[in-house]
Amino acid sequence: MVLLRRELALAWARGGGPLLALGFFAAAVVMLPLSLGPEPARLARVAAGAAWVLLALASLLSLDRMFEPDFEDGALDLLSLGPLPLEAVAAVKCLAQWLVTGAPLALAAPIGAIALGAKPAAAPIIAAAAALGGLAFAFLGGAGAALALASRRGGLLIAVIVLPLLTPPVIFGGAAIDNFQNGLPWLTPFSLLAAYALAAAALTPFAMAGACRNAAS
Amino acid sequence: MDDLAVQRGERILFSKLSARVVAGEAVALTGANGAGKTTLLRVVAGLTAPLAGTVRFEGVRGDLPNDDARREACHLVGHQDGLKGARAAGAELEFQVLWTGGDRASAEHAAARMGLTRLLNLPVRVLSAGQRRRLALARLIASPRALWLLDEPLSPLDAESRRLFGQIMGEHLARGGLILAAVHDPLPIPARQIRVGA
Amino acid sequence: MFAALANPLRFMAFSRWAAPILGLAALLLTGAGLTLGLSAPPDYQQGDTVWIMFVHVPAAWAAMLAYGCLGGASFISLVFRHALADQAAKAAAPLGAAFTGLALVTGSLWGRPMWGAWWVWGDARLVSVLVLFLLFLAYLALRASIDDEAKAARAGEILALIGLINLPIIHFSVEWWNTLHQGESILRPGGPALAPVYLLPLLLTGAGYSFAFGALWLARTRAEVWRRRATALALQAALR
Amino acid sequence: MVLLRRELALAWARGGGPLLALGFFAAAVVMLPLSLGPEPARLARVAAGAAWVLLALASLLSLDRMFEPDFEDGALDLLSLGPLPLEAVAAVKCLAQWLVTGAPLALAAPIGAIALGAKPAAAPIIAAAAALGGLAFAFLGGAGAALALASRRGGLLIAVIVLPLLTPPVIFGGAAIDNFQNGLPWLTPFSLLAAYALAAAALTPFAMAGACRNAAS
Amino acid sequence: MDDLAVQRGERILFSKLSARVVAGEAVALTGANGAGKTTLLRVVAGLTAPLAGTVRFEGVRGDLPNDDARREACHLVGHQDGLKGARAAGAELEFQVLWTGGDRASAEHAAARMGLTRLLNLPVRVLSAGQRRRLALARLIASPRALWLLDEPLSPLDAESRRLFGQIMGEHLARGGLILAAVHDPLPIPARQIRVGA
């Protein structure tokens, strides 16, 4: 679809493409042990969790420019006058954001976690949690970005709106990974994560479209 | 398709403005700076909600709900052209045309008509003001919609392009199109004039 | 009742006497509940500190009630475009933040003797209440950072509705995760599992806090209505 | 000075003011233990280091918009035609960024670290390291933002340019805090951090001015 | 102060363009879209480096190095006005004026002259196109500099504002100022015309 193609190109340019998202993640993974000191035991314990938080933070980095440029340069007006309702446009934007940054990060997350010392057996669940988490982050982040449009103080206002919303998936995902590593039941938190991510993907497009219309009028 | 616009009381800007634009007609909106021309265009396009009053689209497709009719009928070209500076001019034009219902061939044809063919590989950011406006206007030709909402369309164009675009507007009207243009200088086509504001 | 109160004039007439009556009821109920609660025998597990329960639990309930009201008012405002509902939503947020803050503070005061820690990271109940607090703050920050009243209202409504997801998470967190926090003992299938000496004062203070919230909410909404009337008059004067 | 006043106002709006930077930091501090699981012992060991990494990430959040808006809307042209050379303008911009986000974060960092379980005695050194680190982050981040101007892929490209540059201060600061907590000599890494921050503040303005001129011409 | 501009070979746009502008003179740069008018203005302002050739500022302050003389002599007002949409119009004007060497009183006076006083508390974003341009132009009056580099200054202005700004340009020239303006429509003051490009 033409919109998806464009949004992918824009998300690519915005975040600098998956390569750069991965670079950010890699650098952060490098920084963590540097600032913690090299003791492997200390590291291994926090590895999976830390990778998970870094992922959430990495996916926040370019969120604030998901709607703002289109709002500022009038592209949002054009998008409102197209064949699809704004809800669908917003969903496609988030999907593109996820494909460009979330999906590659989901592949990188287990590698980063293992590099930090997590058990290799946890790799699939880390990747799955990261993929679902990335979906939630992209859609909830998009909602925050759209809400902040009207206010014109991007960046951290978005963070403040979005972080409370991101906390539940972070809890669920962290719990799933942690329980898995410790042999506890992990399916409940994991399915909560999945439910949360899918609910976010289903519901936030309405919020985003409303927020965009509100900002433009 | 013809078009009836009734619009009243948008903030304190203007009130009880009513007008009806019919097929083949061009309307020049004039008025002082800040009178509300741009706002009126956005209201007609459905981007800004009016304080009171409605804009009705009555056309051959009278069966469509008003909002869908509007979405299919309007082209809006303003100062904010929605073109991304970093992307190639050709890619941006193609997206805008496809998005508003045209196809690739018509986009190319429109670019040629606007004298842009040579520039399509350049990033939009390096285009001059007039070239950029021509790029924004090209989608009017490429994806046919009935109502053109234009905000000071001619100002950055050179004399040659103005003549050309006048001709293009004429053709649009001859096909039964409608034009609503906010201007400070007279349009190069015969147009009914509506003064906005006090 | 909502339909009747949607009319601002009727709302003002109603709230003029409803707010003080609710306030009075709140004082009486809370006073009675606290007296009963403080004279209750010390719990065999919790010892003397059990009295904090009569401050903490109703505050937590009131905080959730406040968010529910914020969400409900936002929904009405978004769907039916009632200016009054928006004013009510705006008025509820700082109150909710205050009650949430109270629940957090009293909870962690209680946690010190009970769990040996002021705060336990990773306890889903505690963290989801903190999220509630952050949501109230985000709502206030968002509204405060948009100048245009109408736009601020729309944006706030949307955020409030998104945040509603947190309410069930707070309530069910004790079931979904192994938490340090007390499990459901009142609103649970099979009826309350709490000795009547504690249950009665708890319910009394719970009602008292809720009435207090109601009274303050009405009062703040009234103030907001007056404020908007004043700005509208000033605008009219400026236009003339 | 008039420029500093304006830049402070802009940095304030960009980041949403110190309150929001703090909010981000607070939320991130909340998220970390959530995903690590609640064991206090596990947390305490990584507390100071994690606070330090989160700080670096928090200070990255609004960096990418330090030069870009001014470039896009022509304000950079105006700034070039003022009484001060662009080098000074760039330095003032970074200073404003630091005052608005770095300084309050420096105050918050020890609180966050202690909340995560660091020793209270480490508070002064954490604050000092955070203040110096914030200075380095602001100036190096500014350089990254300016270099990314011409390339027009903001966000993560900046992160990728900047993160390698940020690694030394992160190491020095982390080592200083860690050594201090463990009773090891901490003055050497701390003075390396100070030297690095001051060198960054002294040298990067030239890089920023050059990059801006290059992007504008 | 008088002013000599020699400029050649900017990309493939134009070459061997030489001109000398003297005190009290207005020059209208004309030429087709993309001819290089905007580029020429930026070269004169020192924002873009020319491929070959130099721009020299010879004034009463002949002792200053060329770049410093340029920085103190030029005002550039283009489409990109550097105004921040989110800040109050008054605050932005004040900054621009103070930055280019004026003071608060002159900023207020300039705003009054441009008919902006009522708008200074609004965020720039809500201003109409013409109001915004007037805000950008106001710093020309408020902080006195010799050379005004204007890129299509009149296009979004209404008739009344155009007349007013014509008068303001006239006063500037009478004080010995210089104006270099890229235009598609004739300026409302007598001006020497230079065609840029082929």
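All chains are identified by letter, namely A, B, C, D and E, in their written order; residue positions are counted from 1 within each chain.
The working rule: a contact is a pair of C-beta atoms (placed from the backbone, for glycine too) under 8 Å apart; a residue touches a chain by one contact, two chains touch by 3 or more.
Because the structure is a prediction, the values reported are computed rather than measured.
K.L.:
Shortest hop count from chain B to chain C along touching chains?
P.N.:
The least step count works out to 2.
K.L.:
Measuring centre to centre with C-alpha atoms, which chain is farthest from chain D?
P.N.:
B
K.L.:
Report the chain whose mean Cα position is at the greatest distance from that of chain C.
P.N.:
Of all the other chains, the one whose centre lies farthest from chain C is E.
K.L.:
Where the CA atoms of chain A average out and where those of chain C average out, how many Å apart are those spots?
P.N.:
Taking the average C-alpha coordinate of chain A and of chain C, the gap between them is 31 Å.
K.L.:
Please report how many Å separate the Cα centroid of chain C from that of chain D, as a whole number.
P.N.:
37
K.L.:
Express in whole angstrom the distance between the two chain centres, defined as the mean CA positions of chain B and chain E.
P.N.:
The mean C-alpha positions of chain B and chain E differ by 30 Å.
K.L.:
Counting only residues that touch at least 2 other chains, which ones in chain B make the list?
P.N.:
Each of 79, 86 in chain B touches at least two other chains.
K.L.:
Please list all residues of chain D that touch 2 or more other chains.
P.N.:
In chain D, 13, 16, 20, 23, 27, 30, 34, 36-37, 72, 152-153 touch at least two other chains.
K.L.:
Hey, what residues on chain C touch two or more of the other chains?
P.N.:
Residue numbers touching two or more other chains: 127, 134, 137, 141, 145.
K.L.:
Going by the contact rule at the top, pick out the chain D residues touching chain E in the complex.
P.N.:
2-3, 5-6, 9-10, 13, 69-70, 72-83, 216-217
K.L.:
In the complex formed with chain A, which residues of chain C make contact?
P.N.:
78, 124, 127-128, 131, 134-135, 137-138, 141-142, 145-146, 148, 151-152, 154-155, 158-159, 161-163, 165-166, 169, 176-177
K.L.:
Give the list of chain A residues in touch with chain C in this complex.
P.N.:
Answer in residue numbers: 140, 143, 147-148, 150-153, 157, 160-161, 163-165, 167-168, 171, 175, 188-189, 192, 196, 199, 203-204, 207, 210-211, 214-215, 217.
K.L.:
Taking the touch rule as given, give the residues of chain B at its contact with chain E in the complex, in rising order.
P.N.:
By the definition above, chain B touches chain E via 31-35, 37-38, 79, 119, 127-131, 134, 151-152, 155-161, 184-185.
K.L.:
Of all residues in chain B, which touch chain A in the complex?
P.N.:
The contact residues of chain B facing chain A are 42, 45-49, 71-72, 74-76, 78-84, 86-87, 91, 95-96, 98-101.
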